[in-house]
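Residue numbering begins at 1 within each chain, and the chains themselves are lettered A, B and C in the order written.
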Amino acid sequence: MTGSTFDLAPPLALELSHITKHYARTTALTDASLRVRAGTVHAILGENGAGKTTLMRVAYGLSRADSGEVRVRGERVHFATPADAIAAGIGMVHQHLTLVPAMTVAENIALGGRGLLRTTEMVRRVEELTARTGFALDPRARIEDLSVGAQQRVEIAKALTRNAAILILDEPTAVLAPAETDNLLRWLRAYAEEGRSALLITHKLRDALAVADDITVLRAGRVVFSGAAAASTIPQLTSAMLGATFTYTPPPAAHRSAQSGLPVLGAEDISVVDSTGRTRVRAATLVVRAGERVGIAAIEGAGQRELLRALSGRMPIASGRLTIPAVVGFVPEDRYGDALLPDGSLVENVALRGAGHRRGLMPWAGLRALTSRLLAHHDVRARNGAQVARTLSGGNQQKLVLAREMGATTDQPSPLAIVVENPTRGLDVHATAAVHDRLREASANGAAVLVYSSDLDELLAITTRVVVMFDGVLTEVATDRRLIGEGMLGLNAAATATPAVTP
Amino acid sequence: MIASFTSSRGRSAWVVLLAFGILAIAIGAMLFLGGYSPQAAATALWHGSLGSWYSITSATLVRAVPLMLTGCAVAVAFRGGVFNIGAEGQLLVGAAAAAATALSLPSGGAFTICVALVAGALAGGAWAAIAALLRARFGVLEVISTIMLNFVALHGVSYLVRGSLQEPTRIYPQSSTIADALQLPRFPGAGRLHVGLILALILLAACGWIFRFTASGFRLQSVGQSPSAAATAGLVDIRSVTVMAFLSSGALAGLAGAVEVLGVTYALYENISPGYGYTAIAVALLADLDPWRIVASATLFGALEAGGAAMQRDANIPSSFVSMIEALLLLAVVGTQTVRRRSRIDGIAESDGAVTAT
Amino acid sequence: MNDVLTPFLSATIRTATPLVLAALGEVLVERAGLINLGLEGAILAGAFGSLVGATAGGLVAGYLGAICGGVIVAAIFAVFVVWLKADQIITGTAITLLSAGATGTLYRAWYGASGAALRTPTSTPIAIPGLVHLPVIGPALFAQPLLTYVAYLLVPSLAWWLARTHTGLALRATGERPDAAETAGIRVVRVRIAAVLAGGVLGGLAGGTLVLAQAGTFAEGMSAGRGFIAVSIVVLGRWNPLGVAVASLVFGAASALQFAFQAMGWRAPYQLFLVMPYLLTLAGLAGVVGRARPPQSLGKPL
């Protein structure tokens, strides 16, 4: 007999109440509360830096809250480490996957256990997971040989081995192609319908509305909205995420009638081989003209990394013909590792451009003046040029890198071509808008711009033309979201006609 | 300017104080364990290092000269991201080459001295080039290769002083004495102190200037800080910069060996260096890899070495006691580096917050 | 022929024993993601510890002293590297210098400067009944001091432990991707400290064999670079116990050539034999590196 829901309301799967968390001298969360019902998908929306990940780290025992309490199925819990959270039935899939690339699927899933490692037992466990999740997992495959989507499925399976009844996924769709995203969301739905709960951390409204029962929105460490997804509207959620005062309307994407200027970047039948000897780019041909903004759509590891580096003169080509200007501005995805001297001053970071060709004495006076100019013109929030780069926020670091790569310096003219790779990853909406504006401005001034973004919507919004890359092969496609999505997975005729990967 | 290892100057002074407090306790404990009188040790240390004009010039500064040069060698390498632990071997090879050159040249005079010094520097550079080649061509970490080459150099010198370079009577394992005209001149009224000091100071000043004001100095340090950023954003040829760092570092260490032979020992011995090449790591790190501060830290370590010799002589405390103090000093510097750095970041993050708030 | 071959093999095993012990310890350390150049210091401290122990309380105390010596040095390394996050290369170098200084000082203070007459009890070879009578290899392999047999057993057991147990898997994951290990509930800091201490035990025992099974006495700096060679052996053996055993044997054989050549009346400068291990290391590293893959997070602080 079931009692009235009034008396016996099912306990919440997970309840975080009044969580406050300070880091060093910044406050990540202020009095944030979250109630996750059993059998539902709960989306947590917010901009980068809004506190979504911190809140989930608290729920998973990776961070300890300064105040507030955590309850799992009604029981008050105190997680000191993830091991405690795992024991309480919580699983987490991190944005940056935490798998050991050199190990097999079976070993990764076995990680954290006790006693002897029995191969047969490990394989059986993976097979059991395959049956339970519907994911095809090869227990003996090495993680590093799997695609990002497959790795993510391993990560989910790993979280489920310990019978997680609450699954937290941090930005799981950020690296997936549209079709893969759809599959994942469908799977999450089915998972929740078995009576368990999924928490989906995302900044994509589209994903949240597609799958969630409930939505909680965080902004600047505070919960600013929570309610049923069915009752939420896009404008409501947008203004909750961005704040009522912020009005950013992306300029119309389409002036696709690309004013064909002169070709600036040209690749003819080029192939690129990476340091491990794998051919990453196969017979690629591409022309980017002055004033054009060309986007490359691809899933992780399709060869876009190498293509961008070849076209910006950062990587040698193995064959083919490359026509590029003497100076190409380049903004790599990993700005912290590949574009900045984190311990250097901003002046030194500006001086880095052209360091390879500079002779004689350093033009420090000119560089200092240039840095001040760049900081002012590009709205980089810094005290002065002597500040150390690592102490800037991610958005300001990216603005600095863009400023350095796009303009003239003491000894180099403005580049005729600019190549950027995931230029807004990890940036908040204001910084993202600034980056987009800079790219438009550059092409308006006659530069050829080549962009790769793992976010297809961003790509469609800022480029004039999109080229799909799959398994090292470039294909021109019509600017259509569905066609591009299929091309990214090699599903359209042109891409599938090309030879498969040979390691 | 950039210093990839440290940049902070006495921010959280208490951490450093604590580290050096522990250091002092450790030294005291070792004296106690060894049954030595701390007072006798301190007296001998003082008298042997800074207690008199003679000990300052003939003991401390004479030992500071090779430490300045090898310390500079380590600073050049470390700033370029090259972990050259091989200054000791490069010094030995430089000493052997300088001795061989000086002993085979007929005439004396300034020019021949220069030839012998250059020979030492070239030999040190060539010795480092082996490690550079192993890293550039085969990917062998220089940490291991330079240590191995230190042992090879040590046994090589041991072979030379019993073989082709041995003195004519073939009794002692050492070379003949270098002719007076080929010895580095001494400062009048300053005991054994020789003009190698001037050379060391000039080279340190030159390195300081190169680091701060030249394009190649900036390239070196950007590669040391972040090879990938230097290559991707600066289009710097990492390999050639790294090889240059190896070669110049080796040349400086080789020069230290040449200066030691021509200015102090006047002959090649097996134990010509009491580990100057290893002490140099401590010298350079204590100075935050800054050439000007290497002058001070080399003098400090020179005083320790000099005092150590006096402790052995006057208080019967083994000289290895001083190498222990030096190692502890190095540990204190390395151990506090991360802590000092962390506090610096926090400090700036706070002011960064103030900036974004406006 | 056997009067050359058997002593040659025997000398190979004898020289390889301290190397394999130290290198197995370093395998654990490096598989956990750390490089301990202080291994040289641990060996030296182990040698000195065994001298202290053996002169005070006999052979068993000697081995205990060796372990203590190695562990003390390893503990200092662990404090600096795991806790203070100090640079591993510099810390390792500094610790080796510290150990050389401290053992030298204490040796002279406690045993006088001469030391020449100082003898410790030594670990006599134990013949394994049956096996020792095998032709040629029997007397070479199965009439060895106790620690050699310990090394024989350690090689397969560590290989098994790394591959077939969850703790071994946890150690490997810690060296590859500490963040992944941490999220899987593994206490990465503890794993690293335990690995360093275990490396200290084995490094200390390596020093102990030098004194108790070979020289019968202590000399300043008697480790003579074996710790650094052991670090290279780990690379040559591709971070795996069986490979490390093979690489140690190659080194042992190279050093034992000296005795074989002398027995055959071949003359060469003795320094040539002394530099052989170092040259061999360089040649071996040049041949192997690039084809072997180190643990992904080797040398990176947490």
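One rule holds in what follows: a contact is a pair of C-beta atoms (placed from the backbone, for glycine too) under 8 Å apart; a residue touches a chain by one contact, two chains touch by 3 or more.
These numbers come from a predicted model, not from an experiment.
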Ordered by label, the neighbours common to chain B and chain C are A
Inter-chain pair with the most contacting C-beta pairs
B-C
Between chain B and chain C, centroid-to-centroid distance (C-alpha), Å
29
Mind checking the centre-to-centre distance between chain A and chain C? Centres are C-alpha means, answer in whole Å.
45
Mean-CA-position distance for chain B and chain A (Å):
46
Show which residues of chain C lie in contact with chain B when the two form their complex.
35, 37, 76, 80, 84-87, 89-91, 93-95, 97-98, 100-106, 108-110, 113, 220, 224-225, 228-229, 231-232, 235, 269, 271, 274-275, 278-279, 281-282, 285-287, 289-290, 301
Per the touch rule above, chain C residues touching chain A in the complex are 163-170, 172-173, 176-177, 179-187, 293, 296
Residues of chain A defined as touching chain C within the complex:
62, 81-83, 86, 92, 94, 96, 98-103, 107-108, 110-117, 158
List of chain B residues in touch with chain A within their complex:
1-2, 4, 7, 213-215, 217-219, 222, 225-226, 228-237, 345-346, 348-353, 355-356
Which of the residues in chain A end up touching chain B in this complex?
24-26, 313-314, 330, 332, 337-345, 348, 351-362, 364, 381-383, 387-388, 390-393, 401, 404-405
